[in-house]
Structure formats: C-alpha cells, structure tokens
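Chain lettering (A, B, C, D, E and F) follows the sequence in which the chains are written, and residue indices restart at 1 in each chain.
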C-alpha cells in the first residue's frame, strides 16, 4: 500500500495506514477529565489526533518513536484537520523497514543530489579535491550528511534537508561567482563544507529533530571547523594542504553567517566567502517562503492573500499572489 | 592615439594625453604659499597632480569640466602616484567628441548588456512585457539608463554602472529563482525595474557624479515608483495592468533593500522579491570586493595580503589571497 | 432610541439595541462542545458575547457585517464585561441608515475639523494652495479622508481618526513653527498631506479596519507620494508647481516618520519637515496616552494607579495620576 | 562704538574692535617655523586669526580669557574667513564692563523671556506654584539660569541659551497639551524645571563653555533632581508637597530624554511627561536646523543648496531651500 | 512543627501546615463552572492549589495576605506539582509571629552578613566611614535594608536579597580591585551604597513584592542618590564630605548599570566604578544561574540536561552539567 | 648601563642609549622637502623622532626592526615629547642579547606568574589536570604563551600580556566562583585555556605586534578550540576526556566573549562560563583604566582631571581622581 499523503488529506477521508508516533501529551480538561494529544506522521508530513476521556485507555501503551497501525477519519477541530481514531492504534514491529521512512523527508531523490555533488567534485583538482573528498568520498559521512536536517525547526527541517540545502547553496553560489568573477571550484567546496558541522549538531530521532549536546554547547559553525581539522590531519604528509588553503576553507565555515550577531566568528573577507553567505541566505529564505505559502497556520483558508500573522521564520507577513502574469 | 590607461601608469612614465579636469582645489601651505591640487581622469580612472607655488600661474584658467592636453611624468608623492606637469596644460575644445568619453566607465560594451536585456524582454508576455517595455523599449530612457552610474561613490560608480548592475542582478536572480522554484520572467522584470529611480537620483557631470535635488530629498526608491506610475498611466485603457500586477511591480522597487533600516519601505513579501534583494546584495558587494583588491588605498603594495585598513564600502578588512588552489 | 453607550455599561444592565456584528469565532470546549464568540459594537465601542452549547443554534445565521437586534444583560466573564444573550439576535435590514453608524468613530463633529482645515487653506497662496486644494477642495477625497481611521489598530483607529489626527498634527506643527521660526503655511500643507496615503492603505469594512492590498505591499508613505503625483499631473500647465516645490511636498510625506527604521525614506532635511515629524509623534503618542488611561485592559479597577501591564502601543507601563495639583 | 557684528564681516572689511580671546594654539609648520592660531569673539560669534612666524612675538602675552583691542582686515584662508592682524593686539583692562559681554549670547533680551516665565508662574496655584517659585522667584537662581547655556556645544550653546530653550519648550508643550487634552500648568512647571540641573553641569568661563566636575560625573538629569529635593526640603512643613506631587516633578526631570539610551532614567509615563519630551526635542532640533542653514562649515557658499557634509548635531545633511512658495 | 520545605515536596506527600496565601484568582472553565487558583507559600517557596467547582465554597473567605492552616496531599496537574486540598483551609490569626516569616527569604542568617559589613566598615576611615555610617550604623536603615529584596522578580527576589546581593558585590569587587590595583575601601563603600535606593523602590507585602510609586516613577538609581544627599546634609559642618568625595559616591550609584541602555545615568569613569559594575553583574547573573538549575519550570525532570526553554532572566537556555570532573 | 626609562623622560634630558626602531615613515612637507618620522622604543615604552630635510641622509639606512645607538635630547613638538637627534643613529649588531628585550613588556617577572599558574595546576585532578597540562606543562607552549601579548593594541598589548591577563582572569574568576558557589578548579582551567588561541593570532615582531593570517581569517576563539582538539587527540586512549568534559572546555573558549555581537559562538550556559566572561571583562577593562590614567594622549597635563577626549579603548572619557579619601 502506498504511504499516506498527509498534506493532501481532506475532511472525511478514511485512514488505515502505518504512522510514526512523533509526540504524545497527556493533559486534563478544566473539568479534570484526562485526554491525550498525539502527533502522528510519515515522510509526507504530520497530523494530530485528540483522544478523549473514554478512549484514553485505548492509547495507553502508545509512545513516541513507535510505528502504529492507525484507523480513523479526517475531521476538523479548532480550525485544523485532525484524525478521529475509530479503533485503538496497534503497535507495529519495525522489522527490516527503516524507521527513518516515517520521518518527514525531502521530496527529491537523494541520488539526484549526490550526482550533482559528485559532478562538482569531479571538476575539482589538487588540494581542493582532496579536502572535499575527505568528507564527500567517504560513505559513512555521506550517509550521515544525507540523513541530517538543515535545522531542527525552520528551513529544510526534514531528513535530507542538509544535503538539499547544501546543493542549493552550491548551485546559487557557483552561478553568482561566474557572474561576479571569482573561483567557481573554490566556492563550490565552500558550499559543500560550510554546514558539515550540522551532522554533529542535530540528532535525528524517531521522536523528531533536536540539538545534540555538542550542538547546544558549541553550535554547528565551531563543530564544522573541528571536523575539518580532524579529517585534514589524516592526510598523508605529501598531500597536506598549505596553511593558506586550510585557513581559507575554515574561513568559509566561520564567515558564512555574514555578521557576528548571527554567529559568524568573522565577516567574509573574500569575494567567494561573501557570495557563499548570500547563497546560503537565498536558499534558507527561499525555502522559508516556499513553505510559508503552503502553511495552513499562515494561510488558514484558500482565499487568504496575506498571511493572517507573521511567519516566525521570516519575521514578517507573507503574500500569496493570487493573480496571474501570463 | 589610444587613450591613457591610468591604472597601469608606472613611476617614470611619460604622459602626453587629453584628460578631463575632475576637481581643482586651491590651497595654501603652512608658510602661506599657494598650491593647486588637480584631479585628472578619463574613462580608465583618476590621477592627481600637485602644482606648486611657482607653477600656479600655469594652471590659472583650468576648471573642472574642461578637457586639457597634459604633458608630464609619473612620480610618487606621499605614497601615491601623481603626475608632475612639465608644461602648462592646454584647454582642448571638445569638438564633436563626447565629454562622456572622459568619465570613468564600465569595461564591457553596452551593446552586450543591452542584448541580454532585450533577450530577457523577448521572453516576457502580456502585462509584464508591456510594463518593462514602457522603459526598456524607449530609446530616450535607454540612453539615460546606460549613462547612469550605480552610485555616486561605492559600488558600480561609473558611467554604465547602473546598466551593468541591473544585468548582474537579473542574471543572479533568474538563476536563484530557478533553483528555489519561482517565476523567472517576473523576477527579471523586477531586476530591470528595481533601480530605475537612480536615473533621476544621480547627476552625471563632467566634474563627477553627484546627487540630484530629487535624489537628496526622496532617494531612488521613491523616485522609481513615481516613474513607474508616470509611465503606466500612459498605457491605453485596454493595456492597463491589473491593480495586483501594478502593485507587485511597485513592491519589487520598494522592498529591494530588504529591511527598513536600509531604506526599504516594506520587507519583501514574496519569494521573488526576497531573491531580488539577495541578488542586489550579491552584485553590489561582489563589485565592492572586486574593486577592493585592486584599490591602492587598501593594498598600497604588491605583497600586502590583508588590506591595511577597513574598506569603507565593506566595513571590514579584505583578504587578497596570494596562494593558488590549482 | 439613543444608541447604546457601550463603555458605560455596568454589570446587570439590560440591553435591547441594534449592534453591528464585528467578529464571529466558532470554537469547541476541551470536552468537544461547540460555542461561539461574538464581538458586537457600535460607534461607542465593542463588547463580547459568548454563546454556549445549547444556544449555538440561535446564532446560526449571524455573520460579521450584519446589524442585529440584541437582547441580553451585562455580566462578567474571566474578568471582562460581556453580554449574556437572553433571546436570539435578529438580523435587521440596514435600510437607509448608513452601516458606518455602527463603527467606532471620533467624538468630535467632522464639521468642526473641516472648518479648521478650510480656514488654514484660506491662508495659503499660490502653488501651495493649488496643491492642497487638489485634495482638500475635492468633495470625493474629503469623504474618503473623513471616513478613514488613523490606523487599523493603535492611535486614532476609529472612523474620522485620520481627519482628527491630521488636524492635531497641523495645529501642533503650526504653533511649533511659530516658536522656532519657520514657514507656517508650508508646514500646514505638510501636515494635511503627510498621511493622505492612509486613505488607500486602510479598508473600512463593517467587519472592522484592515490593510488594503496596497497598504500591505507598499505602505501609506509610498501611496501618499503616488497620490500626490497623480493629482499634480492634472494641474493645467500654467498652474504646475515648480520642481523644487513638488519635491518639498513629497519630502514632507517621505520623511515624516523621522528615521529609516520607522519607515521614512529619508530623514527630515528642513526645519519644517523636522517639526512635522515631532508634531506627528505628539499627536500619535498623546492619543495613545489618552486612550491608555481609560483602557480597562490596562487599568482593570478604579484604584489601579500603574497599568497592570505594558501598553503595547506605548511599550511601557502608564501612570494614571490620582492626586490633584490644584 | 557698536560691537563688531562678526557673522556679517565680508572680505576686505577693516576691524578695530575689542574682542575676547577664546582659544590660543601654538603650532609649528612642517619646516619647523612657529605660528599661533587665535580664536577671537564677542557676543555675535567667533573668528580665527593665524599669526605667522615673524609676527609671533607680537602676540606673546596674549592668553584665552583676555579682552584685546584688535586691528586688522578680513581675508580668506583655506576657504574660511579670518582676520589678518595689522598691528599687535593690545590687552584691554576689563574695568567695570562685564566679561560676559564678550561671550556669544542669545539675540533676545532676557527681560522678554523672564516676562513670559513670570506670566506662566502667575497662572499656577498651590503646591505647583510653590515648587516652581523655589527656583524662579529666587533672584540668585534666576541669574545663574539666565547665564547658563543650553549645552557646551550643540543646541542653544550660548549665554542665555538655557533660558531661551526652557521658554521654547514651555511654549510648545503648553500648546500641545491644550490640543491633546492635558494639564497646562503642570506641563509648564515640568518645562521650567526639566533642565535646571544644567546650571550645575556647565561652567561659563571666558575661555568658553565646559562641563563642571558634577556635570561630567552625574549629568544634568541627576543634578536636577538633587537640586529639586534640596530646595523642596526648605519649604515649611505646612507647605510641603504631597509625596505624589514631589515624585511627579522628579518624573518630568528623569523622563524628559524619552528613552534610556538617551539618558532618561525612566520612560515618560504620563501624557504631560511624553509631551514635554517631544517639546524638548522640537526646541533642540529646531535650533539645530536654524543654526545649520547659517553655518558656513555646512554651507560654504551662497549657492550651496545641500550642506556639503553631514551636520554632526543633526547626523544628516541639511537642505537650504532656495525657492519661494509665495 | 518545623516549617514545610516546599521545594522538597514529593507527589503523595501529606501536608498539614500554616501557609501564606500569596495569590488568588477566580476563574471559570469553558463550560462555565467556577474554579479558584491559589498560590500558597512560606519562606522556602511557593506551591499552587486548584480548587474545583464543588469545593469553591470552602475557600470563599480566603484572601491574599492571610495565613491559613492547609490540609492536603501533593499531586501533579499539567506537569507541575500542586496541592490537592482535602479540607477547607482555616484562617490563622497571626498573633505575635511575624508575617514576614511566610515570605521567601535568603538561606543565610543575616547576622553573618552584617558581621561582614561591619568588619568592612571598621576598615574605613574619615569621610568614607562617615558617609557609609550614615546608613549602615543606623538601626532603622539596617532593618529596612535587611528586609528588602534585590528585585521584585529576578535575581535575589527574596527577603534579605538586597543585603545578600550587596555583600556578594562587595566581596567580589574588593578582590577584583586588589588584583587590578585600586582602592579597596572605596569600592567597598561603593558596593554597600550602590543599591540603597531599592529600599524605597520595592514594597514588601504579604501578597508579594511590588514596585512602590517612587520605584515606578524614578527607579532605584535616582532614589539612591536622593537618599544619599538627604543623609549627607545631616552631617555637621566640620564633618561634611568634600565636593569631589560626595560626587564620587554619587558616581558609583549612577554608573553601576554600566551603560545608558540599562539605566546608568553615566558610564563608569574610574577603575573602581567599572569594577563595581562587573561585580554587580557577577552577583546578579550568578544568582540567576544558581536558581535556574533548580527551577522546575526550566528543568521539569531530573534527567533534563538543557533547560527545555529559555530562562527569561538569562535570556538563553541553561546547561545543567551532569558529568563529574573529579 | 640601565635601559632608558622612556615614560619618565623630561624635556631637556640627554639620551645616549640603544633603542629599537619600531616604525619609519618617509614624508614630504607641503613645500616638497623630505622628512622622516621614526618611532623608537624599548621595553619601557615608545618615543618619536622627526628628522628634517638636511638630516635625512643621516638616517638613510635605518629600518624598522634594527637596534640603533641613539644620541639626542628630549624636546616638545606639537604638544608631545620627542627626541631631537644630535648625531646620526648607529645600527648595533644584536649579538646574543635577545631582540625581545626592546619590545614593551609587562612589569611583573614571569616567574611569579608561572608560580601562580603552577600552584593552581597542582590543585587540579584527573581529566581537568590532564587537559590543562597538555598546554601548561609543555615548555614550548609556555614560551609562546609568555611571549604573546593580550592584544595587538588595546588591553595588555605588551610582551607577557597574555600570561598576565590569564592570571588576572583566573584570580578574579576563582574568587567570584567561591562567592557565588561553583567549581573553582574548573573555572581556573577555563581561565587558563580561554585565550590560548591568541598565541596563534598575534605575531610578535621587532616592528611591533600584528595579526597573523590565521588571526585575521579565524580569530583567537576558533583557533583556541582547534588547538585544544589538536592536543586532546594526543592523549593516550585511557586518558581521554569524556565527551562532556571535552565539550565543556570548548564551551569556555567559545562563550567567553559573552554575546554573539562580540564574537562568542554561543552565550555562556553555566555559572562558571558566565563568571569567566565577567572576569575576562574585569581584567581587560581594568587594564584599560590603569593605562588610561597614565596616557599622555588622554591627560596631556598634570592638572587635567577629565581626559581631554574619549579613550578609544573604553569608548568614554576617564576621570583621574585628584582628591584623597584618607
């Protein structure tokens, strides 16, 4: 059976699918009755399910991180679609299906993205290629990188988000550097490496995305430089990068947030580092806009033209153009 | 005779060329002797000439805006190259040579840039095409636009700078919109129109670039919207833009500086307006970096790796990479 | 029957009046029961009415924008006065009574305000008079202007608020210019024109005040300048304003918010523009203070001396002085 | 002989007047020759005089704070008018002429200003009158207050500036409070008292204005409150202000800078305190504009329309309108 | 019976103790039923008690500020411990037990802190000693000072908090001044005097801590200087402080917040004032951290390593280290 | 011969000593004559020497980084003391005297400071001791650390400044942690390690202090973490730090600037990290104050009480107290 397409569910639809329990909250109504709020999801998205008083025993053993067989129908509660369960959810053994299949994930196949990365790598030469390959020719790193989100919440906060974001940044930066006159291979390396620290900053767990301890205490920018030095140290003597080369790669990582207020250790000091910064912003904010216009919290009805509130990611209201230009 | 290539002048070079007088300052030494500081230039750049006490009478009639025949040699004064005049400069009648030939100008031929603009226009349809053509199919406007600098000082502050900058922004925005999923023709129109107000904000005079009265009192963003409405009103009734379309074009102009602190009337509310903003930044800051690394004020000697002071345009020090990656 | 004086309603008062339905929200209690929250109002203010479970059918057809005959009593719910309906509200045909009668409105008669405006116009001469008359001698514009609020929420957010605010600004600016030595007629023109764009920024609808599409995408400052140029273009050739005059009027509009962070395109560059800015602030903040000390959200009881929370309009707590000075 | 009108001096004018030596700097040219820069002035303004090498002995005994008989002619040096001395300046005994006569001072007669203050006082009643009279019915305080500048440099930085500024603030605030609906007598008292601390913050000396030690270490806002309490404590028991009254007067002083960044201890919490703040700004910035348009540093020639640089007091460029409206 | 140790209460514990009613809120459930939320406390902390529909009559006469005999058990409601009352609370006459005994208070005995203060005073000589003794040798002031909290909410917001905070600041500043080379006795005096204004800024009432009118309108910094001058004026003529000495003590008070944005009237201008500022921060933020790691709102469970939300006092998340170093 | 005590030189003093040439500038007077500005110094400080026209040949071979025998007398030029050379300076071979002897250096003997560091190390146990010893038990690192300044200009900008600053920070933080209740050994380790990256950020050369390439591109905070990981990786497996321990040491380095605007990657999340931040500030600003009051640029004469301009290091004016307290 095809997986459930959650964003397309309409009121009245019947659901009988395996879903991951992402959150569970045990609450009480003002009159003291217990009820349970579940968040259920798969790769396509999330949907809530409120379980009231008399049905609470049905979900007694249900815990975040479990995959359950859900039977119910879609209804509306306080302006949002939710599932009304019509039978107790049944815990399903994961077997050899990967639990990751139930996490939200990018729409693109990762193979397409890796193909781009690999074609860019193929263009690189010498020290640059060696540095990039320390990460991107290593299967273990590729697996981690492709699984990591771009953020715990915010832009690209899905499995594969880091890979997708890095590819977008690389594509945009490559083109901008061509227009403005800089080193394409170099900025591509910067784009691929700029966020590597996120693989150690975010934990991907069945219950959702969260910061790791290292992510909390140091942040992905510092972690990226620590990872870079760790791998550079493994190069055989004769393959070592020159000190200037090593510092330039670190500089991409340390300056990509542009200004100190946003976490950069230093401001970009080269054309390529400056362009990487703007490419990073373009991918991040572009993703914010694309997701904002399909976010039912911001656009609760089809005929809403201006989001009814500010997007916390964009810190402003968003316009969903309803006219055509052609 | 080929025009003088000012940036390439070396100490000891002999000069015998026509140059534009860009500035003249009459000063006195501490001991009360008069001297004159001239700034002379052509399309390739600027060079100073100090005229001391006894030679002051030789430059008596020389005024900013004149073209003069200059004879002299290149020497160094207080760490900067300057011209030592060996004969009195002679004022040259402009004849049918355009005075603009002596102003600093972009290196690219404008035809190449117009060809790009016209090919983008050719892709546009309907209302979008009509709006863009109100400006870019009008020869008078094209002439003004191609003569205007991108700023009085700062990025693209040369004749043709506005055209070059607009093309860079369009190219970058078009590609970014393709990567992030938006309307390419629309963002191209936004890029071409975003800075049209600069044609009324900057005065191009032989004595240099300056703000017009309108530029001082209103700024190029407001002027752009006033110009847009002025031309839109000339469209025949049946060709008028829908109100939403008209507002969206204004929104590109009004939001392209991104945040209010930088002069935007509103923050970008669509994917395309947001991307236009970052493309604008990429072109402007990219130009700042390209010019910084060849700026003798920042890099007074060939072996200087870090600019000896902060670039006022970039508000930071700049790194001129001296190593190679390939 | 005299219209209901909503701010003066006391607990236990009986209500039998026509009120406008300003908002309707359909909700559910935690135990799943439906209830409806209505906001009802007239020119004097707003009051809520919660309709519980069993009474929901009584309000089935009630929609924002309708005028309904309301029967009920005033009670307190969660610390706020509200109406308890004792009979189903009955929709009343508007007939020839204007719907505007039910919107909150300024206490002053508009005639008094217009008389001031007209006496100030009578003092003006030449180009200044012609420019101001393009708007203020036009009955259609006067009607729009007198209907517009000063904001959707915040200072002067009532029908007639824009007219009242503009008069206050003019009165204050005229006097300040007299004290500090500037051109009184000129600053009066600036005061009358500074907010004209608000007539196109705010929509006055039965369901309340909201931003128009143009208000969202451009804001009232840009709209003001577009309106000014639109009307100036209609003057016969011989009556046209000199370019400097036209730019000075635009400069008042564009600089009246004082600094870029608050939406000004440019900072005030003349004594009169600077004084207009402070007069605008004095009227706006003065109105905020006057409304704060009678706002039951800030001063929930008569003996409260310091507002129990910060006013969001003033971003600080407010003191309601309880002592006398005389 | 009428005192010299310094701002009206033209090149070539002959000077034979008594002037105060405001500054003296002993310098050396690059070639090691000594020269002296004098700043000379009277109530109308300041003018410089450079004394070169051979003439240095002529000014040997001349010191800041002396009044000297000056003989010379007006010439231009490095774009600024200056005096060329044609005879050695002769020190003049002050006799019974007050040295203050040579300091820059307000154009208005102080009697006119005091008449206003006294008429406002006459309107006050009870505790308010008693508090204001503690300062403004005391001749010693009036003398200090009328001698104090409004700042050491910046707005109203002339003898009498504090009195003039306080009257402007009072006039503006009184009118604004009338428009917006507050207590006129109260805000007048606030206006008169708000800057009393400046009498202890600024030292008026023949060599110019400077901060006192107390002005440096505490600032005029704190000093104002200390002075208020000091005098309030002298009232007989039965005349004491109520605690609320005393606090409200302090609140005017402490909040008149509006926000903490500008030195307010608290933000204004009443309508009257808020209006006092804007009136203070209007007077200060209004004075800045009036002085900017006659400042030869900003407008070095008659046909300069936009100041050639930013005014440090206004932090922007200033427009000197050259067109007429009537 | 030993007082109840509220922070150590575990679910299921039985309570039968006297507690102070700190807050009472009368609410209604969505279905219209009344309920009451009580906050009960003693010197060790606070705990909530929800009283539902049928039990509301039991708490009818209970008011904030009363001491009541409470009987009940500890349970969990919406993730927080609360008391479930099993009998109606009975109001207890205060008798000769001080009401203060029920307010939260510092853990240290005040005698220990006073002993420190007095030993530091014993080291001081001359004018410094006289100034400090005006406050700290006065029993009435000592009583007020020892009762005052350090804030109404935030750091040291407990009875005795001001005394504890002042001692911490003194200890830290004394040591830092020793390391950096300044005047130890002087900075000690500054530390003891810097927050004296808080005794007039905060009201300690049975219902909790709140700002006084003076605290709202002026703040503790201004109040501190007013108190200092008030007492200095009582010194006999021959014991008066020199003007410089007096100003330096005021300067400590006025500059201790470091920058104007945080309420300082001036920035610290001496080594000792600067060090006092950092000592003040160290004590305040140190207290914030110490309380954050035991705050169940931030760390709702024992195994939570990073606070689940930002501390509003520290404006960041907090780490509770769970590893050992030894 | 004892080295010259430069700060104590008085006008008229005769100099015949070896000094290091720190800077040389070749300039021209307005009349075209060449002159040379030398900066000469030793461990005690710096003094300038202007060499005029006819004497320029005497200094022809003199270059920064050379030690020269200087003969001359002290005079005043443009308000500053300078050397007037009375004989040509003679270049002195360095021989086995260390060139470092001529650089400005801390007054304290390094042995005293190392003794403190070593006694603190002796208190540490286990992983903490191992981590600290990786640096501070390594003679090569100690030599680098003791030679490094605390900044290129600003606080502790002398040889040995880093060691002195680190000791001050440790002393202050240890005491503050004792007062506020934290882990003394841990914060000591944080203090010793927080600035280790400065050894790779600053270059100590005879011509003065400058940033290294790594210091420019990454800054000392990132470099510190890279150095820490580099050395931690050398520990034998069984001695490795637990991951939490390693992250906590990095957290000290990354958070010690307190807020992102000042270069911290993250804000301090523990009591010890917060206290380290304030101790760092106390040492830095304390040093700024101590040096400000003896800086002749700020206090050009003995009787100057307030610095005549703002200290750029403290961004404010400084008070040099002239009264006594005892």
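Quick note on the criterion: a residue touches a chain if its C-beta (ideal position, glycine included) is under 8 Å from a C-beta of that chain, and two chains touch if they have at least 3 such contacts.
Treat the numbers as computed from the prediction; the structure is a model and nothing was measured.
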Check: Can you list every chain that touches chain B and also touches chain C?
Finding: A, D
Check: How would the chain C/chain E interface be labelled, same or different, where same requires over half of its residue numbers to be shared?
Finding: different
Next item on the list: Between chain A and chain C, tell me the centre distance in angstrom, where each centre is the average of that chain's C-alpha atoms.
Entry: 44
Notebook entry, point to check: Could you state the distance in Å from the CA-based centre of chain E to that of chain F?
Noted result: 41
Next item on the list: Averaged over CA atoms, how far is the centre of chain C from the centre of chain F? Could you give it in whole Å?
Entry: 61
Check: Which residues does chain A have that touch at least 2 chains other than itself?
Finding: 29-31, 213, 216-217, 244, 248, 251, 269, 306, 317, 319
Next item on the list: Report the topology of the inter-chain touch graph, choosing from line, ring, star, complete and other.
Entry: other
Notebook entry, point to check: Name the touching chain pairs, please: which are they?
Noted result: A-B, A-C, A-E, A-F, B-C, B-D, B-F, C-D, C-E, D-E, D-F, E-F
Note to self: Can you tell me which positions in chain A touch chain E when the two form their complex?
What the structure shows: 27-32, 211, 213, 216-217
Notebook entry, point to check: chain C touches which residues of chain D in the complex?
Noted result: 125-128, 168, 171-172, 175-176, 179-183, 185-186, 242, 244-245, 248, 251, 267, 269-271, 274-275, 278-279, 281-283, 285-287, 289-290, 293, 306, 315-319, 321-323, 325-326
Check: Which bits of chain D are touching chain B when the two form their complex?
Finding: 29-31, 33, 35, 52-53, 77-78, 305-306, 317, 319
Check: Contact residues on chain F for chain A in the complex?
Finding: 213-214, 216-219, 221-222, 225-226, 229-230, 233, 243-244, 247-248, 250-251, 254, 260-263, 265-266, 269
